[in-house]
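Only one structure is covered here, and it is reproduced in the block below.
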Amino acid sequence: MHSNIRISEMQLGDAFEGYYVLKAAQQKTSQNGKPFLNATLSDATGAMDAKVWDYPGPIGAQDVGSVVRVRGNVGEFRGALQLTIDRIRLADENDVYDCAELVPVAPIDPDEAVSEIVSLLASMDDQDYRAVAQELFEKHEAELRRIPAAKSVHHSFIGGLLMHTLDMLRLADFLSRLYAPTVDRSLLLAGTFLHDLGKTREFDFSALGLVTDYSVEGQLIGHLVLGAQEAAETAAALGIPEEKSMLLQHLILSHHGQPEFGAAVVPQCLEAELLSLIDSVDSRVEIYREALAELQPGEFSQRIFALEKRIFRHE
Amino acid sequence: MHSNIRISEMQLGDAFEGYYVLKAAQQKTSQNGKPFLNATLSDATGAMDAKVWDYPGPIGAQDVGSVVRVRGNVGEFRGALQLTIDRIRLADENDVYDCAELVPVAPIDPDEAVSEIVSLLASMDDQDYRAVAQELFEKHEAELRRIPAAKSVHHSFIGGLLMHTLDMLRLADFLSRLYAPTVDRSLLLAGTFLHDLGKTREFDFSALGLVTDYSVEGQLIGHLVLGAQEAAETAAALGIPEEKSMLLQHLILSHHGQPEFGAAVVPQCLEAELLSLIDSVDSRVEIYREALAELQPGEFSQRIFALEKRIFRHE
Amino acid sequence: MHSNIRISEMQLGDAFEGYYVLKAAQQKTSQNGKPFLNATLSDATGAMDAKVWDYPGPIGAQDVGSVVRVRGNVGEFRGALQLTIDRIRLADENDVYDCAELVPVAPIDPDEAVSEIVSLLASMDDQDYRAVAQELFEKHEAELRRIPAAKSVHHSFIGGLLMHTLDMLRLADFLSRLYAPTVDRSLLLAGTFLHDLGKTREFDFSALGLVTDYSVEGQLIGHLVLGAQEAAETAAALGIPEEKSMLLQHLILSHHGQPEFGAAVVPQCLEAELLSLIDSVDSRVEIYREALAELQPGEFSQRIFALEKRIFRHE
Amino acid sequence: MHSNIRISEMQLGDAFEGYYVLKAAQQKTSQNGKPFLNATLSDATGAMDAKVWDYPGPIGAQDVGSVVRVRGNVGEFRGALQLTIDRIRLADENDVYDCAELVPVAPIDPDEAVSEIVSLLASMDDQDYRAVAQELFEKHEAELRRIPAAKSVHHSFIGGLLMHTLDMLRLADFLSRLYAPTVDRSLLLAGTFLHDLGKTREFDFSALGLVTDYSVEGQLIGHLVLGAQEAAETAAALGIPEEKSMLLQHLILSHHGQPEFGAAVVPQCLEAELLSLIDSVDSRVEIYREALAELQPGEFSQRIFALEKRIFRHE
Amino acid sequence: MHSNIRISEMQLGDAFEGYYVLKAAQQKTSQNGKPFLNATLSDATGAMDAKVWDYPGPIGAQDVGSVVRVRGNVGEFRGALQLTIDRIRLADENDVYDCAELVPVAPIDPDEAVSEIVSLLASMDDQDYRAVAQELFEKHEAELRRIPAAKSVHHSFIGGLLMHTLDMLRLADFLSRLYAPTVDRSLLLAGTFLHDLGKTREFDFSALGLVTDYSVEGQLIGHLVLGAQEAAETAAALGIPEEKSMLLQHLILSHHGQPEFGAAVVPQCLEAELLSLIDSVDSRVEIYREALAELQPGEFSQRIFALEKRIFRHE
Amino acid sequence: MHSNIRISEMQLGDAFEGYYVLKAAQQKTSQNGKPFLNATLSDATGAMDAKVWDYPGPIGAQDVGSVVRVRGNVGEFRGALQLTIDRIRLADENDVYDCAELVPVAPIDPDEAVSEIVSLLASMDDQDYRAVAQELFEKHEAELRRIPAAKSVHHSFIGGLLMHTLDMLRLADFLSRLYAPTVDRSLLLAGTFLHDLGKTREFDFSALGLVTDYSVEGQLIGHLVLGAQEAAETAAALGIPEEKSMLLQHLILSHHGQPEFGAAVVPQCLEAELLSLIDSVDSRVEIYREALAELQPGEFSQRIFALEKRIFRHE
């Protein structure tokens, strides 16, 4: 018997047994009055519809996001594969499985990424900005390695914030050199590193690390103000000059560029302007990257909400 | 000789001697090549053009906002009164004058206003919100008595923030009762009291207390985030529950109602919604009050920038 | 047998017989080819799904909004209560039931509300404005006691316009005193009373008094112009000075504040400005009040269309 | 001596004596302390700067818009012609002059225009719409022959409303035939004729018939609502069916097309849609016609406020 | 047996056999596990749901837009007619049917329309503009007779572009005379004729000539730039003066009026302004014409996406 | 005698003689009736007011933008330096002066810049895109070395387009590597190189190479469509595949990102998206660079039109 086949590799007729994420679940009643569970199972490679016939519970909608151990077969319904589940139970602390196989993760090596970030932070000339950035790196390293950068729009996988932060730092580094000496490299690098750290508090996360929703303070305060407050407190604790603390806060508060995109103030110094542009570039490229992967050459996507348009994959 | 006549009461032919504010000043050269000072003098009752003929300085544009001691006569030019100054010098620490006569002040009794605010704060049922508000009242009472609420749009006179705060508290109190029990009166009163305290850092002030411009942190951070940070710190120092601190911050951060009007987040609870509406009501009424005072019945104003329209004074 | 149990109090296994509103109805065919009626029954306390099995009519979609007499039992389907109806017929003139139990009504005492409005109208100093307001009160008192203030957004229950008008008058009265003498109290109170009277013609109403849709003249002319025309005619009939009639019309025509919210002209005098602000306050508070009642503490609502955002119910 | 030379034909050295409009006037004091009048004189062909040296009054800013009798010479200042006035006095009832020579008039024959309008109105098949239009034509014929259609944007000359109305009726007539039978020709023609009649009350006019400003009711009510009210009253007096009256009002109230352009409601029937489009066509063509007349082939205009752009005159 | 009954004339119980368009098709599985085809059949008169029971294919979603030969009966389901199909196969080259009966066509006589266009083009005084228009008429006559003017908004039937072009030319001709001599008639007629020719490349068409979607170059370049390029090439090939070519391109590039409606530049000469207005008039009238045909007198439509509002059909 | 002193180095009392640009000129009449020329002289280092007393011409406003040879002295007026000119004449073909000293030039070495561009173009893998770019490089090299990238907003100096193009290519190159393999490097580099070449036709240039205004085709067609047309023609002449030509045109037509910023279509493939972002980055950085150079540390600028805000120069 095949054990724990990757969802993207399942074929008609396969039997399987192993761990998957219960991505969706609805208790239903069939035409003949029997209860069944209409579910979706997922792992890092994809998701598939599944049915647990004659199943009265207890597993249901309240368990969405949990890992389940299941046994079943790959069948077919209306031309698409569909799983028929014989046994299902919630995984508990005695179960052994590899989370990295169950949820999507950033296509990067996290140790290399962290190491490159450490080097970039160490390369700042200004010791004040460097101190704030390094202090907050140490405080948040574990979360940085783990959390997504968003609920769904872009970088919504494990390690998403790490990937987003690194690519933005690389771009900030390049622009600091391209536009030297007009740009204050240390300020730009520090602001870039700090800009999304408030996301560690803006979201609620599932047990497996994905974003399930905005947290209450994420909705009522937002990651810009949360991040600026933490930067201010850290700068004060380290005895950094007031103006530098203020500039760091300004970069964080303004990094969405325009009030209608969530900026608390508009960027008013060059480094703030660049940070908001770098964030636009990296976010939009990632939205394209993820959407293009679903398209064939010569094909247009459906309308993409975050871009307010359809996009085209050329040859 | 008349001494220190109020500007609104000056008449053609009057001689005067006393203290005025140098509201504007430009060094010029007359047709015949002689230097003269083109100035505007003001007191709490108004402003008037003035000339200091054959005057090479040293007083000039750099002294705008200072108090000067002058002697002169009231003349006329093209149908309007104009002052001719014989002597002018900057006032120094030995000069004795009453600031209240030199700059516009709020048309309220400051002691009564403060006393009413104290009572309203004391009337909150929730001791946590009350504690934060009272703590910040004590810290800022002196500034609250003094500073304007704006550079020019509304309440731009000495005591303007005090008047604005009091009228908004009265309205908040009324609405809390009108819409009881849906409204949390303590939260609304506390948020109303705190909402503009960040203005103590948002502006630069002249020696006489008027707003001369936005401060650097006023521009780059803004009074909403400055105020929310102070509220958060105060709440933390007093050991107030996190959720209450967060709600207070939310009210402050959202009190401009819409991102395009400067709100860092949009109001998402009823008290935040009401605070932004109360702020609109009191600001707009004051803009009308000041503009209507300049109009005759049956007359339209010029276009008022802050209202984006002309207004009408009916009979 | 329990008779006419309130919907909010129905429990599994209850038998019931009585009058309810047919809130929705669709004729369907079951899997085995038999006709049945898929319906929703409602009363003032709520609504519930219901099935009339093996029912070929005549009652169907064309009877939505009517009162029906039904007999049935409370069952369950997929974890939710569902009614099974044995008998159903339309109520006719011989049936006796209490409308107030069938449709939602404003949570106020209508007689007290009317009496308070009468007092407020009588308290106006200006006899011209008072005369117009009192004349139109007498003409519309019956409708005012009955009609909702909207189809669905806020105050969409029986007596909604009465509740909305009274709360706005109370607020207008308070603001007139807070901002005396800048505000013309009589003009503000009269305009507030008149502002939504055009809604008596803007809507079509069901037999039970709820709004079913906009009327043709409601769509093509709108309640602002309809109301202003009636005010103009009444003022002319009473011989009120032209300027006062014009000001009343101006308040009515501008009370939506901005052209994009439906204002025929923008408010240009203080009382018109205040009226549009008071309307915003009372409408928004009521939207919050109704939405908060559906939420648990600590919970966010779904996006509320009229507010363009989600709202939060705090502890 | 040349008498009353047309301003567009004045040449350096000409002496003149006659009637002109005092288009602008400011009392000033010359360098040597002497009073003089800085004025602009105009007639139907143009306007020119003028000086009345050593002139202490009484004519001044308060007489702008009046006709003056002047005697003077055509001189030159900084490369431009300038009038030097020897004598000036206000014209009174004993003076005889031709208004048509003093103010710009529409480039049409008013009798022919009126006669064509009469024919078009008479050609409507629907006797109800025809009756309202003819009734209001009789009531307003005199004003229609005289008043401008605007203060300055387009058709701001004597007879402007007549020209605008006729061209729109011609276009309405053409479209009714082009899109027959979808268009109700009578409704479209009637609405077109009525659409701007409220302008007779929206403006204040100078003695010579030009628009000096908006009237109070023009500002506070607007010509759309004023016109709709008059149409409603006329229809009621004539006993026209309610729906027809409502449709006429709808056309008038919606003819600005969009709320942000002043429409009280948006057009919701085809004839209302067409009326707003016809109004756009005729207004924009006239703005172009007037602006192109000031340009040379191959030249761009300055930015034209009403069009929000510069326009080009091709060969 | 009735053969090929028009869909709008089908009645319960009719048997039919003939050619229809497969407008929609979905393979489904019934409750008892049997495959069936859920389809919609259409002809020029309408569309109707159809079922092919126990049908495993091969016809399915991939054949939408093709002509099928079917045999079946007219039944009923939940109060609406529904077709039951016994036999279905794709039509091939041996089948004989009349396309004009299968897809909607413009309600005009195409030969007369073409002939009137030819006359209007021939009537231009300017031989350069005439030459370009006539050259492109010859090149595109066949497509002009056939293609729709849009995918769905208006004129989306066979011959739609021809009808749209002719009505716009008639209106352009009328306006050129109404506003002579301000309008350059030849430029306006030529630009009107050319304005939408780029649509021949902007769309993909089904075998029957309807628009199925935007083409890749239609999405990435758009019919304005495609049309302007072709006009430029044609003008260059014919040796037309540069400025005239530029003006033609300007009219084509700007005919959507505003950037947010797709204009590459805003109209800056009168003929460009008129062209964009004429396009608005004809498009909107057609949207109304098509929507009004679906309404009863006294009824409002649903919200019409392209108009952003509901419309009313009066008596 | 000092000859041709740089304007930024002039000091009170200096005599000078040499070539300057007549940046502004107005003929005026002094108080005593004498003609004089009120002028501004400029060179690459700055500009200064100048007076030519008792000067009746012929030099005047019509000569603005020309080079003049002048002799004069540096005086002072109201505290600012002012030039008094004794002799002035237009430079003609016999005069020898260095244009680079008279107008601002890009702060780059043009030969190195061109050489780097040549290398980047040669480095494209795709021979089709490379061929188009190299062909247009050869055609436009001379203009590319010379023309500004704008009239005034940014890069408005000699060589501005060269500097803008190079910095954008460097950034395009970096992003192609950062986001490999998602980005098609050849397409992005080619599009970046081509994107502003239409500016060679969009502007009129002064004899010294600065932009004086938009050309007629620049206004009526715009540099996006002009550039796309030239790319299409070049691609066709070189026999490049249609899809590649279309993608190049798409990049050029969409590089302003949004219709309201002038894009003819919105970017719909990743390289188009990146091009518009790169253009934003480089334009905004240059606006900041030029504005920051005018500010002191700690100072805010005036409102900058192109950024819609004030900017801050930090320490």
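Chains here go by letter, A, B, C, D, E and F, matching the order in which they are written, and residues are numbered from 1 within each.
Heads up, the rule we're going with is that a residue touches a chain if its C-beta (ideal position, glycine included) is under 8 Å from a C-beta of that chain, and two chains touch if they have at least 3 such contacts.
Computed from a predicted structure; not experimentally measured.
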Those chains which touch chain E and also touch chain A: C, F
What is the minimum number of touch steps required to go from chain C to chain F? 2
Of the chain pairs B-D and B-C, which one is connected by the greater count of C-beta contacts? B-C
Of the pairs B-F, B-C or E-F, which has an interface that repeats that of A-E (more than half of the contact pairs shared)? B-F
What is the distance in Å between the mean C-alpha positions of chain D and chain F? 45
Whole-Å separation of chain centres (CA-atom averages), chain C against chain D: 46
Any idea how many Å lie between the Cα centroids of chain A and chain D? 63
In chain E, residues with contacts to at least two other chains: 31, 216, 219-220, 243, 247, 268-269, 300, 310, 312
So the touching chain pairs work out to A-B, A-C, A-E, A-F, B-C, B-D, B-F, C-D, C-E, D-E, D-F, E-F
Interface residues, chain C side, partner chain A - complex: 31, 77-79, 298, 300, 310, 312
Show me the residue ranges of chain F that touch chain A in the complex, using the header's touch definition. 167, 170-171, 174-175, 178-179, 182-184, 187, 243, 247, 266, 268-270, 273-274, 277, 280-281, 284-285, 288-289, 292, 300, 309-315
For the complex, give me every residue of chain A touching chain B. 216-217, 219-222, 224-225, 228-229, 232, 243, 246-247, 249-250, 253, 259-260, 262-265, 268-269
Show which residues of chain B lie in contact with chain F when the two form their complex. 27-29, 31, 216, 219-220
